[in-house]
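Order of writing sets the chain letters: A, B, C and D. Residues in each chain are counted from 1.
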Amino acid sequence: MKLNVRSELLCHFGPDTEVIASIQAAASRDQTILSERLLVTPSYELVQDAPDARGERRFRTRLSGEVSIVYEALVDNGVRAELPSRAAQSGWCELPQDVLQYLTPSRYCPSDKFVRFAAREFGDLRHGGARVRAVVDWIYDHVDYEPGVSTAETTAERTFVDRAGVCRDFAHLGITFCRALGIPARAVSAYALDLDPPDFHAVFEAFLDGRWWLLDPTRLASVGGLVRIGVGRDAADIAFLTTSGPCTVVAKTVAVEAAAESLAA
Amino acid sequence: MKLNVRSELLCHFGPDTEVIASIQAAASRDQTILSERLLVTPSYELVQDAPDARGERRFRTRLSGEVSIVYEALVDNGVRAELPSRAAQSGWCELPQDVLQYLTPSRYCPSDKFVRFAAREFGDLRHGGARVRAVVDWIYDHVDYEPGVSTAETTAERTFVDRAGVCRDFAHLGITFCRALGIPARAVSAYALDLDPPDFHAVFEAFLDGRWWLLDPTRLASVGGLVRIGVGRDAADIAFLTTSGPCTVVAKTVAVEAAAESLAA
Amino acid sequence: MKLNVRSELLCHFGPDTEVIASIQAAASRDQTILSERLLVTPSYELVQDAPDARGERRFRTRLSGEVSIVYEALVDNGVRAELPSRAAQSGWCELPQDVLQYLTPSRYCPSDKFVRFAAREFGDLRHGGARVRAVVDWIYDHVDYEPGVSTAETTAERTFVDRAGVCRDFAHLGITFCRALGIPARAVSAYALDLDPPDFHAVFEAFLDGRWWLLDPTRLASVGGLVRIGVGRDAADIAFLTTSGPCTVVAKTVAVEAAAESLAA
Amino acid sequence: MKLNVRSELLCHFGPDTEVIASIQAAASRDQTILSERLLVTPSYELVQDAPDARGERRFRTRLSGEVSIVYEALVDNGVRAELPSRAAQSGWCELPQDVLQYLTPSRYCPSDKFVRFAAREFGDLRHGGARVRAVVDWIYDHVDYEPGVSTAETTAERTFVDRAGVCRDFAHLGITFCRALGIPARAVSAYALDLDPPDFHAVFEAFLDGRWWLLDPTRLASVGGLVRIGVGRDAADIAFLTTSGPCTVVAKTVAVEAAAESLAA
């Protein structure tokens, strides 16, 4: 599907704040950037990082005071397949080397603490795909989507207790349970079609049958309408802005639309 | 310096346990493996990972029951420089792209929670090198080296409260404070000369003046006698054994000696 | 039922350690102490606290080095009723004033964090008694009784994640869920008939229909065979020994037997 | 000193919310209520608890929708002495029985975790009074008074890491450190003269030389201008409103003034 994505940030930074921005569509194998535009006002020198192995693209800069950052792109996100229940869980020896890092616990996903729960709750299922789908369903059934309960410091452990959170909290739970089951899982930030209210979205992906599968336990977006931005171990890696000092987001607008061509199709 | 390193593990694994072992000397730029030998008994098929960008080498396998793993190597670890106080803290725009991941919080190093403390305690120092040295001294002065207080789940936050721990806890505090100051920092597992009692050692390194500097806040080993094994965000990434199921370490012996040639020098 | 209870502690204390000991059977309304004996060797001056409103009796002293503490008593614990499902949950205005303190969170029972979970899981049940019984069943069904997982610092929040613990952890979960439902609940230490292996036991009680009901979510002891020792908000209040400094329990023996007379009946 | 205190709460309660209100001046030995008035609008049946041993007075009720609660009183708070540095720390055997409960950790004051830190930082001081004053000074020196950092769930452990909080967080740290030193300490809610901005205040008190001493580590109020409301183990016990369900504080006004007579004196 071809999608027009657009984000507009108006932020207030302390003097000389180091900034890493992760708002650009990824140049990953599963999507193609047809055109894009990045505008920072007033003008600052930007260091544009090359896409890494995962396709992630970020820019770095040093900002002060009020700054507007606008990004827009036309992206073809191809066809995103749904995870089949029969997808096989890979043995660790079969995993690509660069996938191993997604097996271990991270800041917001202390999977080491959930080994017993995950085995109790999802261990009986035979296939990896069925397990991961059960994880996603469990989260949807047991956690309320409710803004204001979690903060920037909320871990999956905390959300497991609170039973409420937003998209990043849902993704953290999914990642945590998967890793606790020995399945590699990672966080993905995305532009998402039909997300209401529109915002940056956080989902996760699990590695099964030799590839990554996108999953959204909030059910707020369809996998088919996602445009990847960043990928990482958890929200610590994929924040849309990582700053060395105080930063206030004064205004934020995110918009995603099916491009005319796609609409016609 | 040329060093003979040797580790001997006798472990008991549950049936068909997936294992990632990180006990081999790294093939990093700052050390040369002159010879080595790895012996797993009984014999199992091993997947030997190629050294990654950091030089880390791990092997993967699937083990059952009692297994002996012996590794020995002769390594030239070159000359390891001490971090100078005047070393400059890099702006984030100046950092190599693959160093950025060591700025963000991780499982055991929730640096996001320590920004205020780190600024209060170390913020007045002008140079990055002086800051990091002050971090290392602070840890040595305020934390007791005491086995038995921390567990596999202990975070730097917890050690900051407990004021006691072992080498990995000391390293986690160092990493956490550095990241809270905007300085990239990461965990390193190592063979360490003169460590008493001998064991795998955990230290950390900080990125300043365009390179990584090894630091040991426990002061139990000299940087000059370290042979790198693994590198990662924190202990979650550099465990000598990561397993998918129960594993009991029945016996563990680690030995490090200056090689004859070095002794002569 | 008449029960002979006996505990024998051999402890090593640092010099001049302040000690509060809670090992004596309570002089509560629901049990009668027929005879008892307390022996501390070597001899130390003891401050024997009078039974408080709950009947709890503790002694205080200052100990050094190796000390043996032996307590034995013959207690008639009367007839302990099981909580009926139809027991009514009291409105807060109806509660006796001294029960109010058992509504609020405590060190090991952060009930404020479980309001949503408790409402989701137990909120549909109509009667307080049914709710509390569902709480007790939930704990038994979802948590493994397994020594070695929890420590002296483990909270109910942690056990909720770990899904494993011992009697005090089970009690903490019960207390936490009850308070989260607005039902007063408190921790009780006890001598327990037929507990295997024999030890001090921890259970909890909930306030419904104008009285306290004893409950054991581990199902390791029957309510009828419990002899109360201490009562408090959680384990922080009912430890068998609270000390101002280091104390090693070198040996601990606990024994509970039905008295001859009871056996005959 | 004679003080006019007044609080005005406008709250919105869910249907039939159980409420425990702790806003009335305590009838404790160290202060005399000369006159007072409590007005709940619309009118509801109130259960007025008798003053307990600590003098605390609370009322209970069941409220729905928008309710205004106004309390005013003229109180003589006598003369409040400052804790002398030479005040002696009592041995546990010397403590009144009802003071023992303030030695153990509570929801927001996990003093068991701070034994090492407290001994390291304050252990060298000889007298209990000097220790407690050092505790109060340490908090003032190392923690920023900053609203918005802490929440209703913030513990002393968290504030110790954050190094920022409000009056209740400061009090929690004081209580935690004192208990970790073996000194009984408890939380006190109060009306406070000259507090800016005016609000309910939280302070703590430590038990030394056979009595309780009020302390305010924020230095925002003088001990002489405090009118006690509630006393408890920590904030869980002294909230101005404890409710069984949702409650929004729409408006809150607190005012404290020296009474005319006092002004004249």
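One rule holds in what follows: a contact is a pair of C-beta atoms (placed from the backbone, for glycine too) under 8 Å apart; a residue touches a chain by one contact, two chains touch by 3 or more.
Predicted, not measured: the structure shown is a model, and the values here were computed from it.
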Next item on the list: Identify the chains adjacent to both chain A and chain D in the sense defined at the top.
Entry: B, C
Next item on the list: For the pairs A-C and A-B, output the one whose chains share more C-beta pairs in contact.
Entry: A-B
Margin query: As a quick test, compute the distance in whole Å between the mean CA positions of chain A and chain C.
Written below: 46
Check: Where the CA atoms of chain A average out and where those of chain B average out, how many Å apart are those spots?
Finding: 29
Item checked: Residue list for chain D, restricted to those that touch at least two other chains -> 113
Next item on the list: Spell out all pairs of chains that touch, sorted by label.
Entry: A-B, A-C, B-D, C-D
Check: Which residues of chain D touch chain B in their complex?
Finding: 113-114, 116-117, 120, 142, 144, 157, 160-164
Checklist line | Contacting residues of chain C [partner chain D, same complex] | finding: 18-20, 45, 47, 49-50, 52, 58, 60-62, 91-93, 97-98, 100-101, 103-107, 109-110, 112-113, 152-153, 182, 232-233, 236-237, 242, 244
